[in-house]
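Across the two complexes that follow, chain A remains constant while its partner is chain B and subsequently chain C.
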Partner chain A sequence: MPQTLKLSIALLSLIFAGTLQAQAPTSKQAVLEHYTDIAHAVFTDSHTQAEELKNSIVALLNKPTENTLNKARDAWKVARIPYQQSEVFRFSHVVVDDMEAQINAWPLDEGLIDYVNEDYEGELGNFGADANIIANPALDFGGTLIDTLKITPEILADLNELGGSEANVATGYHAIEFLLWGQDLNGTGAGAGERPATDYALGEQCTHGNCERRRNYLLAATELLIQNLSTLENEWAPDQAGNYREQFLASGEQAALTKVLFSMGSLALGELAGERMKVALEANSTEDEHDCFSDNTHYSHYYNALGIANIYSGHFQGTNGDWLRGPSLENLIKDISPTLAKSLTDAFELTQAKLQVMVHRADASGPFASKTTMKFDQMIAEGNSEGVQIIGDVIESLVAETQLIEAMAKALDINRLTPDQVRQH
Partner chain B sequence: MLNGKVRKLCAALIWCAALGLNNSVVASENNNRNAYSQPDGQLPLSQKLDFHVGNSFFRNPWISAPATTDARDGLGPLYNTNACQNCHIRDGRGHLPKSATDNSVSLILRLSLPAKNTAEKVRQSQHGPQAVPAYGKQLQDFALPGVAAEGRITLSWSALTVNFDDGDTIELRRPSFEISDLGYGPLPRDVEVSARIAPPMIGLGLLAAIDENTLRTWSDPEDRDGDGISGRINQVKLIGHETLSTGRFGWKAGQPSLAQQNAAAFHGDMGLSSRLFLKQACEPIQEQCLAMTTGGTPEVSDNILDAITFYTHNLAVPSPTRITLKNKGTLKQGRTLFLEAGCQQCHKTSVFTGTSSMPWLEKRLIHPYTDLLLHDMGAALADGRAEFSATGQEWRTAPLWGIGLSKAVEPQATFLHDGRARTLLEAIVWHGGEAQSARDKVLSMSRAERQSLISFLNSL
Partner chain C sequence: MIFSKPRNQALLLFLAAALATTLTYLSKDKQDLEKQVAREIAENTIVNFHQNFALSTKVLSAKSQAFCINPNETTLKATQAQWRLAMSDWQAVKIINFGPIKVNNLSWRLQFWPDKKNLVGRKIKSLLKSKDVIDHAKLEESSVVIQGLSALEYLLFDRTGAKLSHYQTNEGETRQCALLQTVASLTQQTAEHLSSSWQAKDEYLSVFVNTATITPETNMADIATGTPPLTQLIESILVNLETLKNDKLGAPLGLKSASGKTNAFLAEAWRSQHSLALASANLSSVRQLLVNGELLGLTDFLIADDHQALASRLLMQIDAIQTTLNTVDRPMAEAINHDESRAALSKAHTDLAALISTLKRDIPIAMNITLGFNDNDGD
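Up next, the complex of A and B:
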């Protein structure tokens, strides 16, 4: 064979291979399947970390010291990392959002659960605000007696949103957070809740009374959280006939993609930029601090936003450090418009960078290492121009990000990003 | 949103247009319990953040002053509830208490004294209903600790049965309200009491944008065309203005703007002052009420009142039911029956909006099924309480758009001003006065026809 022909064949096959690569566009179905894989991974990780939290709580109950209490608090903070990344699944998937009331409801009337400071003002008109389940083996709500002698996960689930008031939060991360930290009585000043470990001591060491019931409550709330997260893990698990993942993947590509993008935009704009940041700025109120007992709100916001970016990039890093990667919206958009894909990547990166500033400022780390900490509840204090600037920058980047999510929707032939349930008449 | 197939079907059926199946007005498609809580489909993204801020203040509770939550303190001392959303449940309708012991949270009782002479009548028409000494114009059945609530509302029912021409019957229930445990002495014998249920919040900015001239064209106060339908514009007080303005909002169109409606609700229902109602909602003899700490002056900051006003302008109307091969026969028949009965004489099907301070609400073809005018609805529905130019027998035509989702949003939702109607059919049968002839035509329909009519209403 002449040299030239050989070369041409080689060249041809090279070109062919190159074309093949360019012509193998990412399929929407593959992206959607990977989306469900991320959901499964995120809820699995949330479940696993909740189990870790329980282990540390058991250690605390076995030996209530400041050390074991602090370890439980650390475990709670770690458990929040995957869960906050899961919130991007809330806004289109009823199965997730319905469970949210049990898992992550906030703000809560802490007087429903345990002792509070004397000047505590519950949500007025909320008869649950001073119920103090831990101190009362039976509760009387307007003539209806509720037996709380045994504090079990089931009883707590029933007590959640008691009387229809969303402030009656008896369960979930924030109930556990309150039980680990106690009330944050520092207003917009520095400091988080200061519950002593002896609140879980038995016998004479017990502080604030009812330690036995408080121990039961903490454990029951954690067990309920584990059950609920496990339910969601199963809803997204592959190869489980009849679960939500199966329904979702069978619902049609455009409908499913609309859900994906709607939920991303809803968390970015309405929930995170709006409810959790702009409202907090308008109200200047510590009540608007999402993780108010632990002062962990900066991380809560950071991982919420990262959860949105995960869906675009198709990447998720679990708590154990392992990466999940697969066909992504980014691949899909690159096939349509590399420019738009780049803008989106930049927008998600900018949001994380702005949130990193918030995290550094809150923890007095990085460029703020020489300063004192400024937690989210201090940033929103009236007249704190530095805090307003930091939060304002994050809001601005989230608005820009949402604009690009809308552009992405258009590029995918989604004309309107609305929740897409069909009327059933 | 319509797919190509349905759009073609619509082209074939002219009535699709009147049903509102038009992409330009479709706002949101959502049949779940949040169907009334979506932002208007044309709301620019740059403004959506304001919508969410307003939503937060609409939803979250207010607390008593003083509190660290400075922005949200000042509740009461006398109040009916502590959050907008408690009555406008998920931005939808309220309901009467299920049983006598239930808390009557989404219900208020308006109080007043009748105008007994010409001078009082003139005063009423210029300034609204006359307050009841010691109680004001509304009964507040909650109070902060240390203050006596004004009273307790007890509800009782009487049943009555109405026959359809085909022999079917329908049972109606009429509520009566007793006020006990009066906190500030006996009420006058001739006190007027009007019960009101919270109305849904959808499409209000679009209703605000309907041109006044359009309302004037629709109105026919002397019934010159002799069709038995008069239709009057309520002329009401716009705070800060000497002359009266066109009323649009409230069961008797007693409020001219959403800003004033919202401020009045903050004041009357939650005891919160704002720039429009600066005084505490306490009567002169309510000394404990007057002595309580306030949450600042005003308690609702201008920012928050504006955010709420923005929010209440921009709640989307859910899109109408999709027309399918399966339902088109029923819906078409229901629509024909609706028109033949003359319902559209007041429940106007289509109109273009005029100008608005929010440009995306302007020049839109909308299908609100209301004329925003007052009509005599007969003795059975009358509350006997005049409100500016509205008589005790007149009510504003209620918008019907989105009404089919009322119970998806709140399963206990009820209809008519005092929530007496459990179903749309009950509500229709209660119609009287100018609507008597339309109501009688419904009574003469067959069961199948009535079902088509209701399906049509549920599709709007």
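Up next, the complex of A and C:
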């Protein structure tokens, strides 16, 4: 773009900004407070849906049939909707990220938890990869005996990251997912995990052994998830002395905004576009699929990205349909540069549109209604050019979105997108 | 003396003086100097990095062929030794994570790592068992994990997958040798492509040097202006050093996990037991890129901008880490469980954190630049 044109656009932006400022400029503090309101709403909703999940799991355990199992699976999928939108709070807030290992750790060596197929291979050098807690009331772990006779939320929390391997995931959504679906043995072909409901039957109906322990495990893991989400809900609750929300709001506007933007960009680029899509796509690796047991990955990605857009727009819609709206980054940026604000709005909309294509294609809905379903693990199959295109489009839009988040940082005078307190690897 | 580049001293003094009197936010002079420094780094160090890698992969491809014609201990050892050289040269090329290497994700096609789930081993075993034709076309459309140096390491070093007998039987001649030679020649082809992309002066090199700097007049929405060259270089070095610290040293040392349990399989080259030499090659390549030999480098840019102390600190930090790494005289798999070596590696890890902090905090302030997000920002 010629320099003169750039200058005139910049001038125009200033004039627009001037007229808007004549109305009511948005204050950074108001935006930050609303940000904490969204965090609180998202974790409250996640907590509520986890309680619903527990109810359906209790129903499954009371009467293990394909019907009750499917209802529990549906409840799990619903529970993921608010949680995936909460991940945008992970990367700058240690209080959230520390809990994440217990809530959403992934990928996992599922052989730690329960029976697996004979072709199963865990992470290299992970001695816990085939420990099978459900089948073993005591684990011999490198000479140390671990008592797992009683499976309680506390025991599971202790077993998480057993032996220091991040793949030893004993708890959280993905452990529960594995317990509801079982391994997906279809590779890049159609189909998810096919665990029978009788894995939870008592007496002679029990399949794959140790049903009593499996029942205890499923319930304990769900209870722990509820506890953890409740903790996070409280950390973000208003008017609670000494909680994280209070600390965050007192940390200074620029420092707090830096955290907000850093976490948005980190989820968009490094985590979602990188770890969760590009690795799986380029390596054609179903091991790197996010919701690999349930094949719900397309929705996980969709709601991850929506979580980022929520922070910009200041909008969040709960599972019950209610909207939360308030002072947003969008208002703040509009006051500085309406052009940039518009570019950001467009970028977030484009990302959701591209993810909507992924969702439609995965479920064979919308424009793909006449096709058969193509889940994320099929999209990443070698030679699937349609899948490559769909995933590639999402990655590209997330990269563009991240560049605009950087531009937003500059507009807000944030010169270093590394908050002082982020988790050190 | 760290900075002895007489040929450029006069120019530097002149520019420093000019900057001192007229320096405003990203003045014209500073932008011109940035362009010149970027051009000299690209034409000298970056081009050299790529030429070296193109050459060592070419020899590796030739040695793989010779090995397959006559598979014995000697030819295997010669091919393994050449893999180590190519892998060292790759440490340098890998730092330049922008430009041609981004197109078609060539970086992962040249090395797939970390590979915690042993995808390399699994995918190669299954390809060898299948009846699929093994040729360039097949590899290019296949998973990135069966291409490049990681696949070659498996084929040349794996305890079970690389047994000499696999290459000596009839079946081996047809499939395992075919795969080794095809991967080696595709690697060479990719390396040559990268090298020529950087040398064609009218193409990428010029884009790199001339990317506009964002100034207060830049329309913020017009992000196509991109990242100015020295910011781009600093970002790429930063990503590289973070990987060196977190993945190459931190992961095998157990510093990434809560329990602190060591895991030799998380080292970069556990199959070839070459991880430490690679870490050292990695760091020395970063240094070369900063200094740019006798030509103007990033450190010279800092000096011209009146940040002599910062430039010295940067290099002293690198040299101290290099010295520490050099004291470790056993392979990574042993070193992580040996008190003295482990202490040295932990110290290198800590010192790398300080070096990263210099690049992430002090340099952007000194140069008045903003660093963007990188792929390491995430989980």
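One rule holds in what follows: the second predicted complex is superposed on the first by the 398 of 425 C-alpha atoms of A that agree within 3 Å, B and C clash if a C-alpha of one lies under 4 Å from a C-alpha of the other, contacts with A are read in each partner's own complex, and residues count from 1 in each chain.
Assume contacts are C-beta pairs under 8 Å (C-beta built on N, C-alpha and C of every residue); 3 or more make two chains touch, one makes a residue touch a chain.
This structure is a prediction, so every number in the text was calculated from the model and none was measured.
When both complexes are superposed on chain A, chain B and chain C clash. Within the superposed three-chain model, A:Asn415 lies in touch with chain B and with chain C [touch as defined at top]. In the overlay built on the shared chain, the residue A:Glu253 is in contact with neither chain B nor chain C. When the shared chain is aligned, chain B and chain C each come close enough to touch A:Ala283.
Of the two partner chains, both chain B and chain C are touched by A:Glu275.
Applying the stated contact rule after C-alpha superposition, one finds that A:Glu406 touches each of chain B and chain C. Look at A:Gly187: by the touch rule set out above, it reaches chain B but stays clear of chain C.
Looking at the superposed arrangement, the partner reaching more residues of chain A, out of chain B and chain C, is C. Of the two partner chains, neither chain B nor chain C is touched by A:Glu396. Of the two partner chains, chain B is the only one that A:Val94 touches; chain C does not reach it.
Note on the chain A alignment: of 20-28, 110-118, 128-136 or 200-208, the part of chain C that runs into chain B is 110-118.
Overlap of the chain B and chain C interfaces on chain A: residues 121, 123-126, 167, 269-271, 274-275, 278, 282-285, 287, 382, 402-403, 406, 415-416, 418, 424-425. Those residues of chain C whose C-beta lies close enough to touch chain A in the complex are 105, 108, 112, 115-119, 122-123, 141-145, 214, 217-224, 246, 250, 254, 256-261, 263-266, 353, 360-361, 364-365, 370-379.
On the chain B side of its complex with chain A, the touching residues are 1, 26, 28-32, 34, 38, 41, 45-46, 48-49, 51-53, 55-57, 61-64, 67-72, 75-76, 81-82, 101, 142, 144, 303-304, 307, 318-319, 321-322, 327, 404-405, 455, 458-459.
Remark: chain A residues 1, 3, 6-7, 9-10, 13, 91, 101, 107, 121, 123-126, 161, 163-167, 262, 265-272, 274-275, 278, 282-285, 287-288, 337, 339-340, 342-343, 382-383, 402-407, 409-411, 415-418, 424-425 touch chain C in the complex. Within the complex, the chain A residues that touch chain B are 94, 121, 123-126, 142-143, 167, 187-188, 269-271, 273-275, 278-279, 282-287, 382, 395, 399, 402-403, 406, 415-416, 418-425.
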